[in-house]
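Two complexes are shown next, each including chain A; its partner changes from chain B in the first to chain C in the second.
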Partner chain A sequence: MDSVRKEHPDTKLLELLVCPLTYAPLTYDAEKGELISEKARLAFPVRDGIPIMLVSEARQLEDKAPGSAG
Partner chain B sequence: MSKNRATADGGMATSYGFSSVGEGEKQGLVNDVFHKVAKRYDIMNDVMSGGMHRVWKDAMISVLNPPKTPGWRFIDVAGGTGDIAFRIVEASRKEALGTVLDINGSMLGVGQERAEKRGLASHLEFVEANAEELPFEDKSFDAYTIAFGIRNVPDIDKALREAHRVLKRGGRFLCLEFSEVQMPVLDKLYEAWSFNGIPKMGQAIAGDGEPYRYLVESIRKFPRQADFAAMIERAGFSRVNWTNYTGGVAALHSGWKL
Partner chain C sequence: MEQIFDHALLRQRRERAFRAAVKDADFLAAHVAADMAERLSLVERRFENPVQLHGVTPVTADLMEATGKTARFRFVADGMLDGLGGREQIVADPELSGLQDGSSDLIVSPLSLHLVNDTPGLMIQARRALRPDGLFLAAVPGAGTLGELRQSLLEAESHLTGGAHSRVHPFADVRDYGSLMQRAGFALPVADREDIVVRYDDIFALMRDLRAMGMTNAMAARSRTPAPRLLFDLAGEIYADRFSDPDGRIRATFAIIHLSGWMPHESQQKPLKPGSAKMRLADALKTDDVERGE
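== the complex of A and B ==
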C-alpha cells in the first residue's frame, strides 16, 4: 500500500482549483509549497497535501517592481 | 437570546445556538466547536442521533445513486471526516472522484488519514475552504452534497448560491440536516433528549458539554423544512423537494441545476 504522504496537491485537483476571490487560475510554487493567485496577489499555503484556500490564511505577496510585466 | 427557528428571511448568521452574536462572529465560534470535537465527531453523531445518522446517510447515497462509470465528479462540503465522500466513492464502485471541503483543518486531518487507511485516497482530494467562497470554477461538479454542515455556515444563502455556481447543468444538490420533528409525542421526546440528554452525554464522552450544547441549539434554530426549501429555490435550484427521516428529526433536501 502506498503510504507516502503527498507533498503537493494532485494535478487533477489543480485543474479545478481557482482563487476564491478572483476565480483566476493558480500556479503552484513547489519551493514554498504555496498556491499563487497572481491577480489577487495572494499565496495560499498547502499543508500535508491540503490546500488552504482561506483568504485569512493566505500570505499577501509584495507588490511587483514598477515596470514589470503584469 | 431567541429560541425561535430562523426563517427563510434570515437569522442564522447572527445566531450561535440560542445566543445572538455580531455579524462576522459566528465562524470563529463554530471553528472552536469543531476543533474540540474533531476526533470524536462520528461517535458524537451516533450519540446525537441514536445511531440513526448512518441510516440517513445511506439513504442519502441511495437517492444520489452515483453512476458506476468514470468521469463523474462530486464535492462534499463540510465533509471533513470523509463520512459521506467514502460512501459515495464506494457506491460508485470506486469510479467517482470527489473533493472533500471543510473550513476546519482538524476535521480534514481526520478524513485524510481515514481515506489513506481505507485505500480511497486516490479518489479523493481534501481542500480547506469556506462554503461561502468555493475555490472552484463555475460548472465543475456533477453533484454537491452537504450533510449536517449547512446550519453551521453563517451565510447560508451565499453558500447555496455557491453550490449552484459550481454545479454543472443537470447537477444535483443534496443536503442532509437535522430538521423539525413533525410527529406528535416524538417531538416532545426528542426535545427532552436534545436539551437534557445530549449535553450530558457530550460531557461524559468528550469531557466537555459546551460544544454539544451549541450543536443541539443550532439544530433547534435551523429553518424548518419548507423555509429551507424556499432558500434553496431562491439560490436558483429547480424541482426542490425534501424527504423527512425519522419523523423529521432529519430531512434530505434535493434540488437540480437545470
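== the complex of A and C ==
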C-alpha cells in the first residue's frame, strides 16, 4: 500500500553502496535487479527497491573464466 | 574476531518483539532519540545527506528531521524497517556500514553500537563514510546499565548452584567509548553519560519489557539451558530487597552514553603547537612572574 515504493533503487542510493566483502563499488544490473560486485563475483538482490547487501543472500556469479570458478 | 553477540539470535529476538508489538515498548528508544535530536539541534549546521546506521526503529531519524537540521534520512539496518514512509533503506550486516567513503555528512547510531562484535571497526567505517567536517552521533547503553539486574541474578544463581552464568550483556564505560572514538580517528570527540532510571512493579515486569524491546541476552556464550523459574524468584527477592523505592517499586538503570565526533577538516579547532604562544601566561592571569628557587 506504500505508493512511494519503487521497484528500482534510486541511482543516488546506488552510488552510496560498496560491496560488503571487498569494499569496491558496485554496478547495477537493471534487467535482473541485482547489484554486481565484480571483484567478489557476487550479485546482491534488490527487493522492493531495497538493496540487500548480505553475503548470505547474494548469488554467486559463474559466467566468467570457466575453470577458475571457485 | 571473537563473536561476543549472536546476531542471528538478536534478529530473532527483535522480530519476536515486533510481532508482539507491546504498546510503548519503544519508550527507551523514543527517549534516547529525543535526547539525540536535541543534541543535534544545537549544531549550527544543516545536514544534506544524513544516514541512520543500524537502529531498530526510525524514531531517531524522524525526530532529527523534525528539528529542521537535516534532509530526509537514509537507513542502514540488518532487516527491513517499518515506518520509513518511502525513505531509502539498505540492508547490511550489523558489523558493516555498507556505505562508500565520503558519502554522508551525518551518521547517527541509536542504541546499536553495543551489540557489535567489532565496535572500533564499525566506528572507523562510519568515520570513513563521512565527508570532511561530517558529524557522527551515537547513543549506546554503557557500564551500569541493568546493573541491579546483573547483581541480583549473579547472587541468586551463585546461591542456588554455586556458580553463575553471564545473563546481562557486558557494557563498556564512558572512558572506553571516548578513547575508541579517538582511536577511530574522529576529531573533537565527546563522550558523556546520562542515566535513565525506570521503575517497575517487580523483576518480571522488567524482564517483560526487555523482551518487548528485543533486548534480552544474545551473547554467543550464554547458558543454553533455560533458567529455572526459581532463579528469577530468588533474584526478584534480592532485587526488591536492594533496589526498591519506599513504595515497593524497583529501579532499573539504563546508563546511556552519548558520543559525538567529526570527520577531520581544516576549519576545525586544533591545539596550537607547543612553544607557539604569542602571549605570556602571566599576562593572561594578570599576575607577576614569580622566581622560584629550590
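Heads up, the rule we're going with is that the second predicted complex is superposed on the first by the 61 of 70 C-alpha atoms of A that agree within 3 Å, B and C clash if a C-alpha of one lies under 4 Å from a C-alpha of the other, contacts with A are read in each partner's own complex, and residues count from 1 in each chain.
Rule of thumb we're sticking to: a contact is a pair of C-beta atoms (placed from the backbone, for glycine too) under 8 Å apart; a residue touches a chain by one contact, two chains touch by 3 or more.
None of these values were measured; they are calculated from a predicted model.
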item	value
Touched partner set for A:33, first chain B, second chain C, both or neither	neither
Partner chain in contact with A:16 - chain B first, chain C second, else both or neither	both
Touching partner for A:51 - first (chain B), second (chain C), both, neither	both
Common interface residues of chain A - those touching chain B in one complex and chain C in the other	2-3, 9-10, 13, 16-18, 20, 49-55, 57
Touch list for chain B against partner chain A, complex	97, 99, 103, 105, 108-109, 112, 116, 119, 121, 125-130, 133-138, 140
Interface residues, chain A side, partner chain B - complex	1-3, 9-10, 12-13, 16-21, 23, 47-55, 57
Residues of chain A defined as touching chain C within the complex	2-5, 9-10, 13, 15-18, 20, 25, 49-55, 57
Chain C to chain A touching residues, read off their complex	74, 78, 80, 85-86, 88-93, 96, 98-100, 103-104
